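Pasting the structures here.
Shared between the two complexes below is chain A, which pairs with chain B and chain C, respectively.
Let's look at the complex of A and B:
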């Protein structure tokens, strides 16, 4: 009797153990909304990574490369505007500065873009410090903060148009002769894709670590109510500056890579609010500003749609593609104020409730 | 020397003097109430003490440190924390995260902050609401959350701005018990309050403000019998009759 009983218990323990292992994995991947978002983010990265095995079409590969870059840049903007709630509209400034730094270093001083990217990040971060300092010094918040960054964008465009050192109105381009790893010039699009995905993975991890930490909680507290955050001991000027600097540095590095990929940069193309909407803002807004998954999900919807609309509709009347793309953005904001990630969050909350409560 | 000493502070908005020459002290474990008709300058005085407004004259000394010119977050880190009259929860995040923001004032560690937040929430009887979004809380819980966040910063003195406003009598009793418990743990409490039941049952001392000036100070019973105070609340005709 006793032996039978003991075997039963062992079986039960074994069953429980396997159950707990399975449960552990499920819990690890989908235990909280945060880890679920992280899991989905990496699934999307893997999806993009296997893409070259299914098609060799440079057109489609190009769209995937830019989707990955947009996702990474979207994350950098999400940290400033989504988590901390600072309306840094003209985020493309940092992308431009990173791009220009990289190409000037490469063309004028023959510095490898691999180093140029990082220097571009530093330059953009310094610009971030300046922007944060000025806006804090003069107490510019919300709409005034947004207007200040837009004014800065216009001023920088004029400066770069007149500045011969960076190519003036003609712009600068990458010399494509003799492709090599060290010059970050490749014949094929796949290497670009894997560099972009590396950046994206780093971006996803940085964003997740910030979100989970004290810093992230303080960022969100500032977004929700700055005065109340200060009352609880949050050094709001410091954390606002920190978020701008992190976002700027990430965007600067992304801008350097974007520059190397599109191989051409000029002031009117890059200090451009229309471009700003497409590269920086559309992705996170469609995907869900302030969520972890939003920028990645949004970029994967935004970039292909922008590209397809441009491809199919630009033959006839010029400008029709912009109308369609703009209408798409407006409707998605109207019907999904919290973005695609918001819809997924609702679904997640329903599924994670016990069956009896559904 | 008392823990919190306010010396002759004055705050003007243009031509209007919102607070004139106000002095008060609050010591460890003491509960001091600040009362007065609407517009008397109670909340302005709070904002000056907590660093949201810069005083035009006078100074605020907390624990031997002159905090008159410090930022709110520096004052909080020294151990003096305030709550808001109109509660200001971080709406988009859950109750636990709200309180953790406060707890992070004393630690950088996630686990320590979470433990502290859970401890405070248990202390205030909100243990079952930790996972709820702050935006979905009823008003009584929001008021409690406001206190919980402040307590999580481990303050030595706390400024409570109309914590009981908008609560039902039963809820008021709960908050009174809560404030008394806080006081017994050695925290100095300065509160602004309209609900006289709260003032009478809690306060060790009462200060009455009228048109920005202190018109009376004493134990609750002394103050409610002061003719000047009755004037301020009910108008002078009442006394004449």
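Let's look at the complex of A and C:
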């Protein structure tokens, strides 16, 4: 229901209560832009969930699984950069840490990935705490923060390349023998899809709850004007740290699952700025950074288009997906800085006028 | 480490640093005038080295002779990018600018991989392994030429900025956009020119690297990262700082390579970078903390 309920007049409430069931449902689903975004998010999730009933092609299922994972990871970045406006460019660090934690626990200590994912989230969150602490303690703002995260990415890549415990330059594999639920190894792609969608649903709900809460309002206040927010009594260091930690923890869990799905991780592949654009940035940017629907919509547009273009245009030529993601970023910043969700928002505002007059 | 190896390492470091200095000067000029960190900077170096490659492969042009060509072509591309893309996002949220430039960089790498292929390529010239021995030290001829040329270019750019009317106009814009505009300086033209010079000298650095270098489309990002380090070390926007910082990082990296091995030498620069960011973010030449 709309958050503005308390401000509505009793007349309106009475009118609502006396409305038909149909009107009530419409109001519940599309009563405000937030609930509309939530409705569309879940519609997209349902669309992905029924996908395996229409095709068994591993190629198409694979694209849908990756879209779902990218959407979930996009949400985690959206909370840090979209809602709070922090220039955490190399967000893929957290994905890498989550992925590495999960695979090390699985291969070296035979810990089930179901636990490994969560531990990966904790490790990534701790890294988030460290990064946020350093940033705040030394006042790295704007470009400096962005450069700091990129330097960290390069440093970690070099470190992991030399660190034999995590496989060094060779990387680490998931052993695919004896598929089982406990080991999160399946012959079919459908189970992967449902795990990814479970993560995505949790991500959508977390993002929505944050957005609706006081914390979310503080995040947005920090994005719009940090000094003004601080002057009005928002504890900006605490909320900035909180947003980084939430985003990092979510990305760590997502990274663990991503690694289980692609079954391979190596430092040059994962501590990689091109990959960062593909996994983290492209979805939320094209979908609309800072909106609830953006990351999901963006990921569903991004990954399939990139795959289609790659499939049709290039037989053995590389660079196509980079061209697609790069031009997505550029065109979206130039022509629709609020992304696809921004366009939908305009449409919603036009359509919602007559509805409120009913 | 014997004195001989010590001095040899310093010489090698300075040779590397000369190229770094040129790349960083381009980055720092753009930052100084427009307060933009050009995240696509290394890709201009990549385009420069491929200009040399194609001029050599198609027309048999010597890589060093392609330097002016790369300066004009790639610098022109930089100016177009400023006019068509960067300029329109100048007043938006800083995240938009970063995303735009990251997008441009991704796009450029992709296009280079598509058209030039992702396979490593190299140019073989007659003098690629020539060595000059003097004072008990060995100077690789291509790297010596690259060092001297980059010093020359950096020096003339400095004189240009200090003593010509246009150079003074650029410096005026970097001090205050509004005041410069009130004095009748065409600020937008200066922005374009700065981007052209900044990306142009970076492309020249690429051509100077060309002989005996295995080029790949993704090579730019390593130079971007190094240039970020240098520019922060030498104070963002400071021309002399970028020059000195480039030489320092070149020497530090070569020593790190000697002691730690070539593939982890970047750790040393990253370590310096993080220390600088944490303890003196205004850099070596900064007066106050930013």
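Here are a few things to note about the model shown:
Criterion: the second predicted complex is superposed on the first by the 322 of 358 C-alpha atoms of A that agree within 3 Å, B and C clash if a C-alpha of one lies under 4 Å from a C-alpha of the other, contacts with A are read in each partner's own complex, and residues count from 1 in each chain.
Note that in this section a contact is a pair of C-beta atoms (placed from the backbone, for glycine too) under 8 Å apart; a residue touches a chain by one contact, two chains touch by 3 or more.
Please read all numbers here as calculations on a predicted model, not as lab measurements.
By the touch criterion defined above, A:217 reaches chain B but does not reach chain C. When the shared chain is aligned, chain B comes close enough to touch A:225, but chain C does not. In the superposition on chain A, contact of A:236 is made with chain B only, not with chain C.
Judged by the touch definition given at the top, the superposed model places A:143 against chain C, while chain B stays out of reach. Of the two partners chain B and chain C, more residues of chain A are touched by C. With the contact threshold set out at the top, not one residue of chain A is in contact with chain B in one structure and with chain C in the other. Chain C contributes residues 37, 85, 88-89, 92-96, 98-100, 102-114, 117-118, 217-218, 221, 225, 228-229, 232, 263-264, 266-267, 270-271, 273-274, 277-279, 281, 289 to its touches with chain A in the complex.
Across the complex, chain A is touched by residues 50, 52, 71-74, 76-77, 81-84, 88-93, 97, 100-102, 104-105, 108, 110, 113, 149-150, 152-153 of chain B. Chain contact summary for the complex, chain A toward chain B: residues 212-214, 217-218, 220-221, 223-225, 227-236, 290. Within the complex formed with chain C, the residues of chain A that make contact are 81, 85, 87, 89, 134, 138-140, 142-144, 146-148, 150-152, 154-155, 158-159, 161-162, 273-274, 277, 281, 285, 289, 314, 317-330, 333-334, 337.
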